[in-house]
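Below, subunit A partners subunit B and then partners subunit C, in two separate complexes.
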Partner chain A sequence: MDKRVTFRGWLLPAALVLPQLAVTAVFFFYPAGQAVWQSLFIPDPFGLKSQFVGTGNFEFLLNDPFYRASFVTTAVFSSLVTLVSMGVALWLAVLADRLIKSSGTYRTLLIWPYAVAPAVAGVLWLFMFSTRVGLVAWYLGLLGYEWNHVLNGEEAMALVVIASSWGRISYNFLFFLAGLQAIPRSVIEAAAIDGARFWKRFWTIVFPLLSPTTFFLLVVNVVYAFFETFGVIHTITSGGPQQATTILVYKVYADGFVGQDQGSSAAQSVILLVVVGLLTIIQFKYIERKVHY
Partner chain B sequence: MATITLDNVHKKFGDTEVIHGVSIEIAEGEFIVIVGPSGCGKSTLLRMVAGLETVTAGEVRIAGARVNETEPMDRDIAMVFQNYALYPHMSVFDNMAYGLKIARVPQPEIRDRVAAAAEMLQLEAFLNRKPRELSGGQRQRVAMGRAIVRKPKAFLFDEPLSNLDAKLRVQMRLEIKDLQKELGITSLYVTHDQVEAMTLADRMIVMNEGVAEQVGRPLDVYSNPGTEFVAGFIGSPATNFLSAEAVGESGRGAAKLGIRPEHARLCKPESGFVRGRMTYAEALGAETLLHLRLPDGALFTLRQDGGGSIPHEGDDCGIIWEERNQLLFLPDGGRL
Partner chain C sequence: MVKSKLAGMVIGATALSLAWTPAALAQTEIHWWHAFTGRLGELLAEQVEKFNASQDEYHVVGSHKGNYSETLNAGIAAFRAGEQPHILMVFEVGTATMMAAGGAIKPVYEVMAEGGAEFNPDGYLGAVKGYYTTTTGEMLSLPYNSSTPVIYVNRDLFTEAGLDPDMDLSTWQQVDAALTALKEGGVDCPLTTAWQSWVHLENFSAYHNVPFATKENGFAGLDTELAFNGPVQVKHIETMGQWAADGRFLYAGRRNEGGANFRGGECALFTESSAGYAGVKAQAEFDFQIRPLPYWDGVEGAPQNTIIGGSSLWVLSGHEAGEYEGVAAFLSFLSTSDIQAKWHQDTGYLPITLAAAAQTKDEGFYEANPGTEIAGMQMTAKAPTPNSKGLRLGNFDQIRGIIDEELEAVWAGDKTAQAALDSAVERGNALLRRFEQANR
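Take a look at the complex of A and B:
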């Protein structure tokens, strides 16, 4: 039986898709179009008129050492966030999967951090690592390590990576656990009887069979690290020290709203859009081939 | 090749005991079938031998050595699962070679052994395919291949044919029997299908509710069932049970009388041990199954040659049998 609904006219179907189209148009196409348009102009200091410069904004950006540095920062930051949040989540999911008793409690507790908004998570971690009042910073001091992410760029990076990964671990954990539980028990048992011990089974059977989940999470987490970590960066480091944590999306904000260079900011959003689009295409084209569905 | 011994094996899940002490000595190269209805504990018993379930009490020995605490990978056994449990991301070759690779068998030997198994199972053409590109019967063969390349001490089969269609099941049954004979590896085979049990087993264990009701050679079990359950479970169509009183046999304490369909004959109504009204007949060609309604409402099945005359529906008939063929059972289900 054909389950698709057939309409006689075009009016009703058009009315049904209109809300979704309107939302997409207003909140996506319009701003994206605006960004592309704005990226071609340089407004004057008072915002009274703007001058058409063509690709001038882009040329300036690509020659700007700060902008290039931001690219590297973003690459480091998003790789670390993706790696940490997925790695820890997988580890926890494997443990939870082996658990027979009280796995429900364990699971519930692990999901909670996901409910915490990135900006709030940022503040929480900032408190713990605060140079003056932070508990963790104080204990590190007792151990002889002087923690100061306000001055030390690498420590700042570490802190924003931890804060960004933390809430994300819950999300990834849920997917990994579901993925693990979808693997037929008998396949694992067959591997055990074939002589494979736990880690051998994990790398030769479980991990390959989990690859659709892993791939999906990879794409989603990279996008997350590129965009949604703004709140964390803003609350913890504001991109500092010395731009050590200024990722591309933060620079869009900093240059546009703080520096009031709207042409450059718009050009940066366009570049960001293209970069994430390319990354996603690359992931689908090259990594998806290794996925076993 | 090895002996397997189950010594008063018990299994509890929480507070419920599902296996109430099963014992059997399996000789080298013997083919043992564990048969019983679903939920009787037969798969659990097999999984205990495999090491996939712990043993609550008693002892499992493979080649004379206690293996209760041994991990599955250290027991040197191979198992064929009902759903085949093939590794979906590996080719047929890799599926079969997996265990050998883990055992660090040298590459050329792996290739030879897989090739030999593939030839035996007619899988040569499929070595590069993934399991999802194979039919049910071929997948079953790959699962068998994975078991035989390792040359284990024992084969364990967990209802390996239940997912196949009827025709394929008959064919694979013969192939399994052939293979086992050729390789001479001790085998433990679980099934709910009594035809598989009868045809494959050197000896069979009939299980019911966690108890081994009878252990013996198929024909011995068939002709001399130890309990009412065994008499009813083994044989198709099933044994007819009559109350011993109705046939005047209650004298020695018997509660029920069992008579197999092929041992009963029709006769005139007045000369039969019991009367029955012809309800319907199933003419299968070589044989005919007659179903008669007894005065107490129960159905009685009788098997006769395809050439025999078939009474009309509604006719009153007598049913008679030779006394040596009747099986008498006590009220607790035991054999008199």
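Take a look at the complex of A and C:
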């Protein structure tokens, strides 16, 4: 017996889907198509003349060792940001979930950093770690560690990862906490009566039941790390030192808006589109299988 | 004239432009997009107000559009959309981009000639004029703010380290000895710098009369190639790398981050733009002094002259003839010696006209503010050579980024000076070829 409700005819369903399709076409397909078209040309900045170069822009990019290195940088950066922001958020959420007294205050304080704009967060962290005047850098100096993210690529990467993850922890915390509270207490209590310790209960019951939330956050955080961390990188390192923190989307900006090289910038957008498309397919095809709804 | 005003009214009404106030109706509006905020923004606004008050035919509207890169970007985007301002402030790095955009700009010499405005390009300092003039002598944009690098000395730190603050620092050899003595005397930061590529490669090359790029640093053609990996530059960067390694040179960042270290009294010497004077004067709680940029003794022709940084004003095409008359009147007003002298004295930028320099001298400003005349002298000491006229290189904002990266590799000890400069030249040349291709 088929219980699914179906529409008769195709006019009504088409009309209902149309607004969504129109929005997608205008705001996604049209600009994406433009990017693909522009990536075939080298225009001058003012748009006075333009030369067709075919795949020339892509060849120019892929022959550039720094551009190829930026794929690795992006992978490292995105993985670290996702891992740090989700890991810390989950840990905090588990702790907050166990709180009985003043949990409201605790939660509110944890959610605050989300209200800080990425660029502002970048500046805040930059001040704290500023080589000569930063408070944290100064304390590290007292401990005998010479902090200098201006010249040291690994320190620069660590700093942009911390600054990008910081505000994101709040966002993830909210979702994890809600997820944790949706888990039926009875299941956990039953396990407790059977003698399972806290961590045993966490890994065998809580974590699997939390997997829809975790999966959603994984997708959202990877997209965040790819596209929205731009402000942090711009304010803290501008992609340096020696392009150690130049992620793909930052290079799109730098080449398009600082260098006025719109052909290369468009080609990079197309490459980025393909990369993120592949990533999403992988996520939904392979990781989602492990999710219990 | 009446017709164009009517057309303007119709366009204005249909666009429902908020700026279209009754007062503006009677006047022709001239839009100027610039990159100045803070004190510089106030001084710029003052110039605009003065001009608006001096006549009632034109009304200049100044709009801040972000930093230099963002302003250029806004201008380009606006041009593509057909909404460009009349006047756009473009930093010196964007000069080649603007010069290549033949159809988008209206050369200043043309605007002045058609507008019948009083204008004498020969009144500008040679080194300033040369930057914005074609090889055939036509001035394409109006120099606005120009500065050149000098070295700032913290005299108190010299005394504390047991050095004579009046010691000669004209050559890098002497500076080298001073840095060693400062370090031994307990100074944590003997030397720091701002704008490393601009000071230690671009100006360095001009000052030592060696090419930064072939084809007269790009003035003579788009097929120019970078040439700053020559022995003179390599020796300098190598020496600085050595200083960085043993703590005699502290690298603080690509822009003017080092300024905080110097103004805070941490660093003894600081190579920075002459326009940094106002900031140092306002914040330094120690005895400081400006000296000419040092040179390597023994390099033939050094010291030549240094080159400029800063911006010029470009007139964009696509407006009515009547409006260009207003632009001409405004630009002519900006180049008067009263305006120029005041700008120079208030900001520390160079006096870019000979008359403004003379006027400032007559007013006794240099005696009251010793050191402020050094930048001007350093730029005009000798007639510019093909190596010291300036730079005209496409994609130069990005090439500077590449140079910054490679220099950072030297300061960090990852690369030798020769390897870093060779790599910067190779990577920069790829961008020059792209610019050549885009503007063929």
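We take it that the second predicted complex is superposed on the first by the 258 of 293 C-alpha atoms of A that agree within 3 Å, B and C clash if a C-alpha of one lies under 4 Å from a C-alpha of the other, contacts with A are read in each partner's own complex, and residues count from 1 in each chain.
Everything below uses one rule, namely that contacts are C-beta pairs under 8 Å (C-beta built on N, C-alpha and C of every residue); 3 or more make two chains touch, one makes a residue touch a chain.
Quantities reported herein were computed from a predicted structural model and do not represent experimental measurements.
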Examine A:Pro19 and indicate which partner it touches, taking first as subunit B and second as subunit C; both and neither are also allowed.
neither
Name the contact category of A:Ala190: first (subunit B only), second (subunit C only), both, or neither.
first
First, second, both or neither for A:Val133, with subunit B first and subunit C second
second
Using the superposition on chain A described above, determine whether A:Pro45 touches subunit B (first), subunit C (second), both, or neither.
second
Pick one for A:Gly9: touches subunit B only (first), subunit C only (second), both, or neither.
neither
See if subunit A has more residues touched by subunit B or by subunit C, and give me that chain.
C
Touching partner for A:Leu209 - first (subunit B), second (subunit C), both, neither:
first
Check subunit A for residues that touch subunit B in one structure and subunit C in the other, and list them.
none
Sites on subunit A touched by subunit B in the complex:
184, 186-187, 189-197, 200, 204-205, 208-209, 211, 292
Hey, which residues of subunit C end up touching subunit A in the complex?
69, 72-73, 76, 79-80, 97, 100-104, 250-254, 257, 260-261, 264, 266, 395, 397-398, 401, 404-406, 408-409, 411-412, 414, 427, 430-431, 434, 437-440
Mind pulling up the subunit B residues that touch subunit A in the complex?
50-52, 71-73, 75, 77-79, 81-83, 85-89, 98-99, 102-103, 146, 150
Note: in the complex, subunit A contacts subunit C through residues 42-48, 51, 53, 60, 64, 66, 131-133, 150-152, 238-243, 254-255, 257-261, 263-264
